[in-house]
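In what comes next, chain A is part of two complexes: it sits with chain B in the first one and with chain C in the second one.
Here is the complex of A and B:
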């Protein structure tokens, strides 16, 4: 090996090491979850001597974990379908026409995109209470749909804008109306955009905390994060409860990430750059 | 003409959702902010009282200050660190994808989990950071990182950067990939060193990535709630008491819906102001390069 080659190899090895150091907290979380509370207090940095699963047994029996996983999956699916349908339908005219009305709509969508949830949380709580939507699946699904919809409209508008118009023109000559063109011609082409969008929805439904914390109160409706939070509480969090709950809370998305990492990184980044 | 307008019916459902969940709530918030509504019962009109309260107590000015300080720290550190990682990984194609995925991993975890895990890492009682410092002989630096008003906000900011620096890196890497090969080639043929190519060729061409990264991380941090909520509850001595934390506490701790609404309106104004200033500056910067 020549000198520059060796230097380049060393630099890359150093980079890999630095990047892996960034993962230490994740390894730390997993390692600690497999040790007893006494072991953690005695040796805060030790590795597990043996694989002790007692913490997981306790956490699983007290957390209603599986139920919350099922809730999160169900809410994710419902929100994805709603957001994809409403968003793509709204985006079709926005992508094809430019006039005062479409500009106004795009401005309103941008407003929705920029509004932090804390600005609307108080009135939404009051509205939901008056409509009896507090602590209901329908309420949380509507709230998440509204939070994701502005992004979806933007996303589909730029995606549909790139679809050639020839197909539609042929259909229009065959006397198809706008709805038929959207449903039979545009919608089937949206697969890749919907895949990326579903990623955003999944990340939000699994990881968002504020909305479900304020809108859901009965344990059998909790999403995963609320179930983790209600299990651990705020004061005197015990390590033998904290770490297994943290692992269980992040496990589903981490597994998905290991499998689809390339597509997830590309999708989330593309969504941001668009 | 009539036929042409029908297409807009397709936007109606989405518009309805936006009207119900963004426009109406903002108007309702504005209305409630002039009342003493406490969640139940009649709301009485109180004029500017809630806004007077906001302006007259240092506690709320402090919440704004904490929020802005946190945002500046996170945005600056995360952007520079992400840029550094991206510039290095751009030159290391063999390990680029692997490192990008590793850096991105924390962004897959939720604020709740990250908050709990880092709370324990920073803990003075058998926490990982102090144990690590002791192991390398730096015991003198050990402290209750979240219990000390001088370090708590920085500790939370560090955690936030840890979570999202991979996101920033990935966006910068897209920017690097979009730089035309010929430009890099020309630089290399002219004998420009690696850092010279970065500073004189690549950096100006990344203006678009800077804009996206800075706007995204600013929007994300101005509303910071979960990390301080889990890690410190706004303490010690309100050193980490952000505006969003104040809103939620007024809402569900004290049931001051009217005042919480006034704080929401303040937050909306703050976000809009920051976005306008930033957008104007960053777009102009893009055009100049």
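Here is the complex of A and C:
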């Protein structure tokens, strides 16, 4: 075996080890969810002797699972689309028209990124109450959109800045206006950035439970993470209750990622090699 | 025939009108609590069903919000004039929210106020007003696996320091790990209980009128931990990394350790473990009784902004009735906050009960606002640091506590 092949083998082995370490908590969560409470007590770190699905039956019976998954998917999808659309539209002029005003706007956007969530939580609640948007899907979608827009604007501004201006100049020769240039020239080139941003936004919206807990009060509007949250004790953790709920909570997202894996990876890596 | 038809029609219309009126009068109470979920039901789902059955004009919508998230989620609702009608609270929350005028005065003229345990009255009364109706007092003591003790030749849960040292040596000799002593919770319970037992006034320490660094009681209490290490009660570095809310509990349930200072709220969970024969005893101390470290934990408060004050008051008073409260006390293995109130502790908590009878009760100082809340986290952190490096001086541990107290003033 030559030296480069040994090095390559060692690098691959190291990568496999790193992946295994990263997957260990996930594996532990799934393994725990398939064991009875007695088995977990007997051997806290043991593997399941048999696959016990009773924990899942219990969790499903207490979670209003389908309804909350549908809510989560709807809210996440709407927020992701809105953030990508509004963020890219706002970023286009900011990236192209560089003057004091746009620099100030970019700084304000950066401030939005740096603001701790507990500072914004009360103003958001009061504004939404005054607008009559509490306990509504529209309210939670707008809240998440507002919270994620600074990231999107910042993200797209730097990405659009790297797109050659010649493309736009050519479009202007063909009598395209600003909107047409954005829609037909810039937007299609934002695929990789949108894919990466969508990943961030989806994970953030799906996993957050503070804002749904704050803005939604009707149980039929709750997201899946609020359903999972009910299984978490204040002073103790019941692995046979919490872990199946956690698996069920993350399962839809995992399925979506598996289904769209190719597109996501293609989107993220597109443009990486020129 | 026409008369019959008319009478029938009239009755139907009356029924519809009355039915509509009944529906129109129905009130929905928005209630939040950090109990009542799947992990910690505390009997709340049944009690709410009972309340609704007894009060058909009131529907209760219970939302679970963990204690930690209550600090984040409820202040915006309170400040936004859209608070829940009734909220589960504790004294640190009441201190802030009542001070800001966000809670309704429940009235010291209430029937239940007159029945409160005298030791609780000063803690919950503020300038002649009361903003919380206490639901329970819950013990924090020492869980003891009696089968493991028996294997080492011990037949009684230790309640004194000497008994604890002897038990640890015998358990260690028998190859049994004696004690879970997590820096995050168990060690603080032990140190606080033993420190306060030898200190005149917890409040003076919390107000910086006296210092922890110069307190003989707390210096002796930290020394007691060194003594436990010498007696092989615990491996300090191993304990520093153990999580008190998950792995520590599983380890005790698995029978891997013989003792564990923790809260009585675990009794229900531990009782469900087949083959786990355990007792709930006081925290061993230099007194014969040991220390029964009582926690006044939860209560109900009514929002000052509620649109349904009368219904909210009925809800709160429902829990003050002994028969109703008993269901919660049983589920929580807790004591009634009312004079002559029964306890919900099972027989296995008899040693703890006895310590209370023998005068071993000390109130957990954070729950009655004797000590500032930030100090609790500091004690956990500093004792974890101490377990990692037991060569540290007592002063190095305790001066951090004094600093936090001074910062909080």
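Some points to look at:
Note that in this section the second predicted complex is superposed on the first by the 213 of 274 C-alpha atoms of A that agree within 3 Å, B and C clash if a C-alpha of one lies under 4 Å from a C-alpha of the other, contacts with A are read in each partner's own complex, and residues count from 1 in each chain.
The definition used in the following text is that a residue touches a chain if its C-beta (ideal position, glycine included) is under 8 Å from a C-beta of that chain, and two chains touch if they have at least 3 such contacts.
Values in this document were obtained by computation on a predicted structure and should not be read as measured data.
Residue by residue along chain A, chain B and chain C are tallied for touches, and B comes out ahead.
Residue contacts after overlaying the shared chain place A:139 against neither chain B nor chain C. Of the two partner chains placed around the shared chain by superposition, chain C is the only one that A:62 touches, whereas chain B remains out of contact.
Once the two complexes are overlaid on the shared chain, A:116 sits against chain B while remaining clear of chain C. In the superposition on chain A, A:257 contacts chain B only, with no contact to chain C. Of the two partner chains, chain B is the only one touched by A:90; chain C is not. Residue contacts after overlaying the shared chain place A:44 against chain B and chain C alike.
In the overlay built on the shared chain, the residue A:217 is in contact with chain C alone; chain B does not reach it. When the two complexes are overlaid on their common chain A, residue A:126 makes contact with chain B and with chain C alike. Look at A:231: by the touch rule set out above, it reaches chain C but stays clear of chain B. Under the contact criterion defined above, the residues of chain A that touch both chain B in one complex and chain C in the other are 40-41, 44, 118, 121-122, 124-126, 210, 214, 229, 232, 234, 237, 239, 242. In the complex of the two chains, the chain A residues touching chain C come out as 37-38, 40-44, 62, 118, 121-122, 124-126, 129, 134, 210, 213-214, 217, 219, 229-239, 241-242. Only residues 6-11, 13-15, 17-18, 20-26, 28-29, 32, 39, 85, 88-89, 92, 94-95, 97-113, 116-121, 125-128, 130-132, 135, 162, 165-167, 170-171, 174, 212, 216, 219, 222-223, 225-226, 230, 233, 243-244, 247-248, 251-252, 257, 260-261, 264-265, 267-268, 271-272, 275 of chain B touch chain A when the two sit together in their complex.
Chain C meets chain A in the complex at residues 30, 34-35, 37-40, 61, 63-69, 72-73, 75-77, 79-82, 245-247, 249-251, 253-254, 263, 265-266, 269, 272-274, 276.
Chain A makes touch with chain B in their complex at residues 11-12, 15-16, 19-20, 22-23, 25-26, 28-29, 32, 40-41, 44-45, 86-87, 89-90, 92-94, 96-97, 101, 105, 108-109, 111-112, 114-127, 142-143, 145-147, 149-150, 153, 177-179, 182, 203, 206-210, 214, 225, 228-229, 232, 234, 237, 239, 242-243, 245-246, 249-250, 253-254, 256-257, 261-262, 264-265, 268-270, 272-273.
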